[in-house]
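What follows is a set of structures to go through.
Common to both upcoming complexes is chain A, partnered first by chain B, then by chain C.
Here is the complex of A and B:
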């Protein structure tokens, strides 16, 4: 009698989350609708973001009232978002694996607990703190040390060649984001490694595996799907990060990055930084276009998560545990 | 301590055959708790040796001393000697990694590597030793799978994930995995306790031929199984070796009343 009711309640609670997601998407979509009509697909592929002449009389284009000369293209911000997040993940994944393995295999007892606690604390540090640190420490470091070093060591690759610039840019944004997602990935992976079944590890040891080989051949493969999941969690944070990126990315407008030191703007940071000026647009089209950026960002995150799910399902299906 | 009545290693200690194992004054502690008390034992190469005794008497503890798996447990401490082919495996000069290639182990629950295919499971040990040659690996895999009486069942699904196999097949896969590195001693800790009667029978059948390659030490709670498969039986009680002798003698005419009580089912 009581059981089905509990189940109903749980089902309703569980349904709230996807419904809320859908509601947000619907709200954003309908708010951005005039912009979606006006901008068309070009929104995603144009480089120029121009609010137009806010003082002249608006004109009507495609049934929408917009400032004269207004043009909204966000390719620059899409590129900035994806590239900075990609750099972040490229740096953070190996580092996180190293930290997680260190925490589970190299230290034990209270030291492990203490260090793990520190890592988890880092995951909770407000992003503006990371941003400030990036501004104060990383920017001069990238401008004077890391940038010149990369250019001289890897300059034969076009991405690392050219002007190192002022330190504001893609590389610094990627570094700050990497630092923000390392604690997320590392602590998730640490938990997964701690839960690798002891008989599995002992099976490898009993076969003459060294500690190193047990980690490499048995433990890390066993947590593959956890690594994918954790990386996507991190990627989600990197894609949506606003404040910290805004403080170190240099704010590129209307041009694509030409090397790893170029200033960039991410979608989230752009929304935040442009809200004030967009609000001065009497037609409202600028704000609605910002909302359209939010829709795109939302869809990208959704897509990333779907792909991750598929990857996890696949790795899990290939090694489905039929616990005998 | 009762004198073992099994045939002992020749007194001069020169043993051409591999797989001679003996323990001398072996004691194992977990922290301050002592789990094995002064165990002396001598096992002949190429025999199947059953370890019996009530739960918690130290059988697993004894097995794990032989391949130094206790090294992985910080609170475990081993004293005394275990001689493999006359050399103390706890000597400083012995690398536990090398030792474990000579002393294979099969666990109570099948534990194949879940992310590897059937054939990769079998060759895992060889690949760890640096064998890369595909032909050699393939050959070794087939030989080990034949030895483990699994070849016919898996020869068409070598590339499939190991976890697709049944529990009994997985356990034989683990036996094949242990055999592939050609150990001298094979430790088996209740290898059939999680299996159905048919799988159990297949593994029991296999032991008779395995002893041509290895010295088998098998823990079992099943008295009939011990009687069926082993040449020698050792009875442990509360961390001590009570009696070691030819299996016939242990089951029909034990010299210690506690052994008799146990094998006739009066306790344990």
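Here is the complex of A and C:
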């Protein structure tokens, strides 16, 4: 009991962080509660988002006052979110492995510094600037080059067949998201590769392995769990990304994507773009339903991050045990 | 040498293995190019179009509809960043110190874990939280304070984690030397360890500045947008910011709006790069 004051003050201040998380969950949840009651589980599985007749007298359904004909289903946005994130990860994971291997094993000195800086810079570019570049450069490129090329090369698969569209859509969103996720995965993987125990590598060389075989058969398997954790972190980023996706995804309402070029909307983009129109609902149920999307998004990202952090924590503990 | 030559596989097998390796290296070099090229193109496009739109009036005039200058947005971005730091620096730094200095306590473990998890919450969700609690709940309407606090919530975990790492970099011997001189725990932490960790702590704050400058989603429904320069009020008055210009004006079918969007993007990128450069020099000096 010599100097308890500093510790007490610091503990109280540090408590702000867990309390903030709790407050976010509580306030969002309680604000969305009437919508959760009204929408039920169908919220997640219905295709149609319809504000209802805002000029007729509201009706009472399930104890909640809502506009006549109002229906809130977010399956379209869940599909858009999952599909664009999946495309992003499918592209970003192999690219990140290539980059991390190149940075740790192929180059050294100034070139490694320079390329690491490029990867860091990629992480520093704000989301809305990616959106601007996507709008100005990537959308015409997808509409006139990448899309037609994919259709002629892979058109036998239904996913790549059909109209290429305007360039706004799933593919463009996935490409932009991939760029944003690569630095997260690549930098984590680079750090892990740098920490692969040297005796492990020397052992493989002593068995006559080539340099690339050491990378492929020894180093990459050694960092597998780091790769999984980093990919999940990247997935979390992609699921919640808002501005860049909003600017290039085209904004689909009430229909599911039929091919990889279709316009889509993600949950995050929808929340941001629809508040103005939801505010025209005099019963407020539309805004509360948007809050319910925020709750769903919050819970998904919480879950994804929990899994990633637990994995990282476990690998750290295991390596600590392994090294004595 | 002769031993390895005898034991190694047939030359043909070795050649194939080497070829596989070369293909592997080529692919990984290619992935670097595939990612570096878009970044270079992005920077080139924004610098080129942004420079063409840059003029002195951008810094003196306020936005007028979809033309005019960007003074209101530049000022608003700076105010929001400073406002976010006012809340985030004390809370983030002190939390980081707590977690670093009492690493064994269960509560510190919880704080560290929650901070990590919070960096993964989508910024738009934080924006919605700010909208519900401050903009309508407390009746502040779109305002500087609501925007700044929302940004602060976003960057506190980053500041806390970097502060913790910086404090942990200072060895135990230094703390023990301080205690051996009869210094109180508080004096050791704040007068001995913290000064040593200062460059790391500052780099965390710089990261927070870079994030705040570049954020859009949490501000749209907390700070709003204003065509006018700041009138000095913390609540009940919306403020402008650069990222809003990028997002909104690029969707307008007018050349003047597009020019402003690219000029704003150039300013945002320049600010982020400047902050990154400051961070690098800070960390190198250590």
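The rule we apply is simple: the second predicted complex is superposed on the first by the 280 of 324 C-alpha atoms of A that agree within 3 Å, B and C clash if a C-alpha of one lies under 4 Å from a C-alpha of the other, contacts with A are read in each partner's own complex, and residues count from 1 in each chain.
Going forward, contacts are C-beta pairs under 8 Å (C-beta built on N, C-alpha and C of every residue); 3 or more make two chains touch, one makes a residue touch a chain.
Here the structure is a predicted model, which means the values were calculated and not measured.
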{"item": "Touching partner for A:210 - first (chain B), second (chain C), both, neither", "value": "both"}
{"item": "Contacts of A:191 with chain B and chain C, given as first, second, both or neither", "value": "neither"}
{"item": "Which superposed partner A:240 touches (first chain B, second chain C, both, neither)", "value": "second"}
{"item": "Touched partner set for A:202, first chain B, second chain C, both or neither", "value": "first"}
{"item": "Chain B versus chain C as contact partner of A:99, first or second or both or neither", "value": "second"}
{"item": "Chain B versus chain C as contact partner of A:218, first or second or both or neither", "value": "first"}
{"item": "Of chain C and chain B, partner touching more chain A residues", "value": "C"}
{"item": "Partner chain in contact with A:306 - chain B first, chain C second, else both or neither", "value": "second"}
{"item": "Shared contact residues on chain A - chain B and chain C", "value": "208, 210, 213"}
{"item": "For the chain B and chain A complex, residues of the former touching the latter", "value": "67, 69, 72, 74, 97-98, 100-101, 104-105, 107, 109-116, 124-125, 128-129, 161, 163-164, 166-167, 170-171, 174, 177-178, 181, 194"}
{"item": "Chain A-facing residues of chain C, complex", "value": "4, 7-9, 17-18, 20-22, 24-25, 27-32, 34-36, 38-39, 41-42, 45-46, 49, 90-91, 94-95, 97-99, 101-102, 107-108, 110-111, 113-129, 131-133, 137, 153, 156-157, 160, 184-186, 189, 210, 213-217, 220-221, 243, 246-247, 250, 261-262, 265, 268-269, 272-273, 276"}
{"item": "Complex contacts: residues of chain A adjacent to chain C", "value": "2-3, 5-7, 9-11, 13-18, 20-21, 23-24, 27-28, 31, 94-99, 101-103, 106, 115, 118-122, 124-133, 135-137, 179, 182, 186, 208, 210-213, 215-216, 233, 236-237, 239-243, 246-247, 268, 271-272, 275, 290-291, 294, 297-298, 301-302, 304-306, 308-309"}
{"item": "Partner chain B, residues of chain A touching it in the complex", "value": "108, 197, 199-200, 202-210, 213, 217-218, 221-222, 224, 318-322, 324"}
